[in-house]
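One chain, chain A, appears in both complexes that follow, with chain B as partner in the first and chain C in the second.
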Partner chain A sequence: MRETRLWSLHILAIPIIAVLLGMHFAIMHYAPVFYGMSVEEARAFDTMIERGKSVAQFVIYILLLIAGLYHGLYGLRGILRELPLTPALVKVVDIGILIFGLLIFALGAYVTWWTFNAPLGG
Partner chain B sequence: MNNKPSAYNNRLGLKGWMYAGRYSFERYLYLGHRLSGLGLLAYMVLHIVETANRIRGEEAWAELMALFASPPFRVIEYLLFVMAVFHAMNGVRLILVELGFFLGKPKEPVYPYSTSVLRHRSLTYIIMVLAGLLMLLGSSSMFFK
Partner chain C sequence: MTDTKQITFRVRRFDPDADSAPHWDSYILNVPDGMTVLEALHQIKAEKEPTLAWRSSCRMGVCGSCGMFINDFPMLACQTQILHFGTDVVTVAPLPNYPNVKDLVPNLEPLIEKHAAIKPFIIHTNSKEVDEPTGEYIQTPEEREAFSQFTYCIKCGLCLAACPTVATDPLFLGPQALAQAYRYTADNRDCGLKERLEEIDAFHGPYQCHMAGACSQACPKGVDPAFGIQLLKRTLVLDSLGFGKKPKHVAKVMPLAEVVKQIEEFAPPPRTVK
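Now for the complex of A and B:
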C-alpha cells in the first residue's frame, strides 16, 4: 500500500510539473513572446528579484521544487532499487535519497524565501 | 555450501537495461527515458545550486548569466531541451499505454498472438515523430535568433 501511494504521488506530480514548468519556461525562456522583454532582461538580477517578490511566484517555485524533486528522486530510487541490492542497501538508498531530497529542497526553498524578502535595487 | 539466495538475485541489474529482447524499440525508449530522467534530475539539482548564486549579489549573478550565454552552454541548454521533450513525450506514451488506451478492439487469442506492445507500435511512432518535430522547433528558436 505504501509503494502504491508513493507511485501515485509520482504520477500526480506529472501534471503539476507540466503546468508549473510550462509557466517557468514562459517566464524565463519565452519572455519575448509572453512578456515583451528579451531573455537577457528576464534573467537580469533586478527583474529576477522583483519577480520573486510576488506571492504567486513564491508559491509556483515552492510547488515546482516539491513536485520536480519528488518525481525525479522517486525515479532515481526506482532505478537504484532495481539493482541487485541487499535489503540493507535498499534501506540505505531510501534514506539517502530522502535526506538528499530534503537538503536540496531546503536550499531551493531558502533561496526562494531570500528572493521574496530581498530589498529591491540589490 | 551456502545455498541461501541473495536478495533480488533474479534481477539483471544494469545488463537488463541494454537487453532489448523481443521488445526492441520500446526497450530502447525505456533506456532513453531513464537516461534522460537521470540527466534532467542532475540538471535540476545543479540548477537549484546554481540559482542560489543570487545570494552572492548582482555581480556574481551577472557573471553566471554571461557564462550561460556562451556557445558551449547554448549547446548544453539545447541538449537539456531535447532530453526534456523526449522524457515528456515518452511519458505521455507510457501513461496512455499504462491506462490501456489505443489497444484496439479485443480479439480472440488465436495463435500467432499479438502483444499489446505491437498494438501500441503505431502510437509509439506517432509520438516519437511529434517529439522529433518539437526538438526541431526548439532548435530553431534557440540557435537562430
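Now for the complex of A and C:
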C-alpha cells in the first residue's frame, strides 16, 4: 500500500479518536454530568454489561479500538523504522506490528462482542 | 585604518591519511569589520596553516560550495560575517550529517544521490514532443509562482545538515530532495508524479519529516523546504484520492508559427549600420 494512504489513515484516525474517546469519557468518567449517576455506578460491572448490549456502544468501541490501534501502531512503526534496520528487519517490524495489531484487535473485539452477548446479571 | 578585533578560530581538522579521529586547532586573527569566515580561512591558509582544506568557489553565496558548521549552525562561509556573531571565539567544523572527506570538506554524495532519486527534471508523457518540438510549452506567471521559490535551491546541502531527521535516519530523502520533488511535480509542464512515486511515496519520504523547520531556517537562499514538504504531502494525498493533476498526453504547446509571430512583433528594429 502506498505510504500516503497509510499516513492519511493515521491522520484520519485522530478526529475519530478525539470524538469517540470524548464519548467514552462522557459515558465512563463524566456520568454524573451526562447520565445523572455517580462514577462508581457508571463503572460498576453490571452497568457496563447493560451498557455493552447497546448496538451504538458496540459500534463505538469497535471503531475506537480500530482507530486507536491503527494510530498507535503506525506511530510505533515510524519510531522503530527510524532505527538503522536491515531490509530483513524492516519486514520483521512491519509484519510483526501487523500481527500484533490483529491479535490485540481480536482480543478487544472478543471482549466487546462477549459484553454485547453476555447475559444480564453477569 | 579599519578597527579590528582579535578572534580565535577553532577549526576542526581531520586528515584521513594521518589522523584516526578529528581534532580541533586554534588560530588567532585580527578581524576587520565585514570580514567573512571564508576570508578568514583564506588568511589562515596563507599565513598559518597551508594544509587546511575546504571547498569554495564563487565567494558570493551563489555556488553553495562553502557550507560549513559555523558556531554550531550550518551556514555558507562566504556569506557569514565574523563580527556579526559578537563572540571572541568562532568554531568552524564540516557540515554534520555528511561523511567527512578532510578538514572542512564534507562528502555531498548523499545530497546528490537523493536529489537524483526524485528525478529532478520535467517529465513529459509526449516523448515525441521532447525530441521533435513543434512549439513552446506555455506557463503563466501564476503557474510559475506555484513553485517559484523552490527553484532558488543552490544544492548547498545546508538543509540536510540542519535536519534532525536526517541525523537519525540517513535514508530519509531530506528537505532538499523533497522540496525539489514538489518543485517539479507542481510545474504545469510536468507529468512525472507517477514516475516519482516509488521514491517519494515511501516510508523515508515526506511523512518522515518531523516538522522541526531547521531546514528553512538554515537555507541561505530563503527557500522554505519545510513548507515544500507539506505541499508535497498535500499533492500526494490528493493524488491518492484521485484528485491529482491528470497526466497530459498531448503537450500543451503554442504552434511555432505563433511563437515566431510574437518574436517578430517584439523584435528590435532592423539594423541601420551593416
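Convention: the second predicted complex is superposed on the first by the 121 of 122 C-alpha atoms of A that agree within 3 Å, B and C clash if a C-alpha of one lies under 4 Å from a C-alpha of the other, contacts with A are read in each partner's own complex, and residues count from 1 in each chain.
The definition used in the following text is that contacts are C-beta pairs under 8 Å (C-beta built on N, C-alpha and C of every residue); 3 or more make two chains touch, one makes a residue touch a chain.
Just so you know, these numbers come straight off a predicted model, no measurement behind them.
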Chain A: partner with more touched residues, chain B or chain C: B
Contacts of A:82 with chain B and chain C, given as first, second, both or neither: both
Contacts of A:2 with chain B and chain C, given as first, second, both or neither: second
Chain B versus chain C as contact partner of A:68, first or second or both or neither: first
Partner chain in contact with A:104 - chain B first, chain C second, else both or neither: first
Contact residues common to both interfaces of chain A (with chain B and with chain C): 82, 84
For the chain B and chain A complex, residues of the former touching the latter: 6-9, 11, 13-14, 16, 34, 37-38, 40-41, 44-45, 48-49, 51-52, 54-55, 57-58, 61-62, 65, 69, 88, 91, 95
Touching residues (chain side chain A, partner chain B) in the complex: 11, 14, 18, 40, 43-46, 48-49, 65, 68-69, 72-73, 75-76, 79, 82-87, 90, 104, 107-108, 110-111, 114-115, 122
Footprint of chain C on chain A - complex, ascending: 2-5, 7-8, 78, 81-82, 84
Sites on chain C touched by chain A in the complex: 165, 168-170, 197, 201-203, 205, 207-208, 233, 236-237, 239-240
